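Note that subunit A is present in both complexes that follow, paired respectively with subunit B and with subunit C.
== the complex of A and B ==
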């Protein structure tokens, strides 16, 4: 039985059209993984930067996993949302990335994209906001249905993670 | 005779796993007066002349009001003369703590009185504990030599900051979810909420160093010892224990500058060795039980590949594509496994990303895919085949664009070789697309869409049909297009790595000592050979049919019986 510690923070996000942003994040693992301690999903606060483009959250991630196998390595998913001055929330992007598998300190930039609708919906989105969202974000992990989506590129989520692996070398894993 | 004293009055930090309520400190103060000096001198003389048989002089003890020795426990409240007088009257009591002190003082007055005289304490609960630094700020020596320096704004604010007590640590409880922000804080609220959350409990041992007969005035209180602890076993004592060295010196301010000597000693009772052993056994038990609990959650085993097989696991994502001619890009990729490589049957070896409209970042148009994929392959090492170098799998991909008018164009072809070393890799692959000379194909590509495609994707790297020594692509026209970025995290697992790491660890110890051939090295090699033989025997045993194993075990039992 090997253990994995993921300790780090979601620093913030930048490169989006507007910058009053918050993020919903979560970690998805395979069946052989067991979460021993820590919260595996959460939502950051809304950050409205006064200068500059990047919204900073500094949201902590502290997870301790135990696993019986290498399959189903943890993956992070993000949903970046925008809250405007009227309090309306609008989806700004989905992002997916793997948790690194080598021990040490990693600085990760996870890029995000947003689904696009028809041109009428895009016009409406420009004025009123809103826009299509995925019915179930978990479908992305199977990968088979992605080709049906038409998306546009949005900003980037920055995070830094420290990875500590225990007992993996006892089972002959090199990382 | 010069009076020597200890000038090192810095803090000392001690760590202990014991409960802090077992702390006991003996504090001794004595005034340096002429009689004290004289009596010391006489005592020394008497001691050195004892063999002469003279009459023993009873030395002049300077005792009474000029010295005191006291054993103080943790947070033990000892009242000063001033406090005794203050708390005698009920009218002075404002807080419940004051009222409690009032009852204690009354009880003390009824019984034999307090056991301390000059030395008293301020515990963590007293209101003087937090304002002591401010008090000292005004009276103690300043940091600078200039006489007229008043404390700065920051110093004043820090002195009035309340040190939050340990038990009121609001770590992860009772933070009200609704009203987190107070939009109009009052001055009281601001002062009360700016706490230093280092969760230290403080205790001051003070001495009333007034001339005899004039005790009970606040001006003559001097700080003798400060003890601070936090909840996790750190004890900070300022000044440190004397430990047999010279005592500290306190000079009183005022018209008569008197000198007092301060000695601090640690008189905590030491733990019995049996108790220590019992405590250590308890800790060991606790850790073992926690480990067993963790094991029970997941299980002891870990999935290993069969012997002689390398498992290569790659978790990656296609991050982005940039620098392409048209918009609405998607990537179609597949993996190719060379000889000796295999994968599981349900493993999907190809994929298509979503179609992404690019945005302008800097000078280029970039499309974000953020497409995670996971790939697992097995390599079976054949025996002693010298000719074939280890070939790693390859991902071939092509970038295509499909716009709203259903025009479909190829934008580029590329390949990515799996990295040989495990770890994190960020790889940017450049792509090209085949060109047909002549304006016809360019016009067709622009208006209708449709461009030449490769029939055999592996042509990008080394065509599958290639046999020979030199690969020639002469005559093939291409145009450089953009680049695609991949993030790869690679893991490799094999049974052979288990032995390798053990070997590395053992070897390190050997090289530390002598290096090369040594007795330990020889012992290590013998051990390794034994392990290998044992493993071979196990494997051989597993492959034997069942009944053969049973008969051999029966034979063994009979022979031993």
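== the complex of A and C ==
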């Protein structure tokens, strides 16, 4: 069995309309992968930055996977939410990125998008917030049925991921 | 005589570095406490696990620079990369009444490739949830604080916390590892470039001093 360690942080996010943000995240893998230790999903704290546009979470990630195959390489997926001063939450973006497949430190900017409703819904969203959400979060990291969606671009999630691989070379895998 | 090839069961991570300083636009006269947090497969073999810096204030030249130049020299051993050590820093300073209050908590993983690395750690404070609490805490000089700063190194339980990020601490590391490759782990190429790990989004126009 080959082993993969993912050690790093969800640093924060920027480029969204408002900056009081938090993020729900998760890691999705194929059937050949087994999580040996670490939490594969979570929710960050809400950061309201004092200055500037970027919200910082510094959310640690420390995952240890064992795998029998390359299929279903881990993918990190995110939902960025905005929380206002009254505690109400509004979706600001969905995004995903593959976990890097080469060992070492990686700095990743993950782009996000948000479903766009009809023009009436957009108008209402401007005044009272809210907006359409995905019924099932699988669509964040899968391509099936994406063609049904109309979305708008939102900000980026910044990550720093360190990858340690073990025994992949014994199986002839080059990375 | 021929040196016997060893079959190591542990690998070592040697950390030499310094807490260079900080960038906090709104605060001055700060000191920093640090400690290491690691998983149960890890143990420190030499050096200090925690410490406190001196109190520093902004120089006359650049109004945002706070310098500590505080040494970090610690070595860890482990059998497993899980629980890789993190450096947890917490910065404290005086408030209007002279009480010591926390100005930021932050954490970063120790880099694992040999070589030189710089990390710019965003620092945040827990926010009181109610406006009345904000006012009384300002009046009495008591901010919400974590009972144990080490919680900053964990991901669980963060869903209910509101924080405010308000500064950065810059740390530089020189990393040496021993026997990580012999145990079968590939940690990637040694570091070549020295790139800061977080961009500080201050729009004041003044460059945070440690960007290259």
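Convention: the second predicted complex is superposed on the first by the 171 of 175 C-alpha atoms of A that agree within 3 Å, B and C clash if a C-alpha of one lies under 4 Å from a C-alpha of the other, contacts with A are read in each partner's own complex, and residues count from 1 in each chain.
The rule is short, and it goes like this: a contact is a pair of C-beta atoms (placed from the backbone, for glycine too) under 8 Å apart; a residue touches a chain by one contact, two chains touch by 3 or more.
Everything numeric in this text was worked out from a predicted model, so none of it was measured.
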Would you sort A:153 into first (subunit B), second (subunit C), both or neither based on which partner it touches? first
Once the structures are superposed on A, label A:39 by its partner contacts, choosing first (subunit B), second (subunit C), both or neither. second
Return first, second, both or neither, reflecting whether A:172 touches subunit B, subunit C, both chains, or no partner chain. first
Looking at the overlay, does A:88 come into contact with subunit B only (first), subunit C only (second), both, or neither? neither
In the superposed arrangement, which partner chain does A:75 touch: subunit B (first), subunit C (second), both, or neither? first
Contacts of A:164 with subunit B and subunit C, given as first, second, both or neither: second
Scan A:113 for contacts with subunit B and subunit C and give back first, second, both or neither. first
First, second, both or neither for A:15, with subunit B first and subunit C second: first
Where subunit B and subunit C land on the same part of subunit A: residues 36, 102, 167, 169, 175
Flag every residue of subunit C that touches subunit A in the complex, lowest number first. 25-26, 39, 80-84, 86, 106-109, 111-113, 117, 121-122, 124, 127, 152-156, 158-159, 161-166, 183-189, 191, 195, 197-204
Could you pull out which subunit A residues touch subunit B in their complex? 1-2, 15, 32, 34, 36, 66-71, 73, 75, 94-98, 100-102, 106, 110-113, 116, 119, 141, 143-144, 146-154, 167, 169-175
Which part of subunit B faces subunit A closely enough to touch in the complex? 294-295, 297-304, 311, 313, 315-317, 319-320, 328, 330, 348, 351-359, 361, 366-374, 376, 404, 422-424, 487, 489-498, 501
Contact residues on subunit A for subunit C in the complex? 5, 7-9, 11-12, 14, 22, 36-39, 42-62, 64, 83, 102-105, 107, 158, 160, 162-169, 175
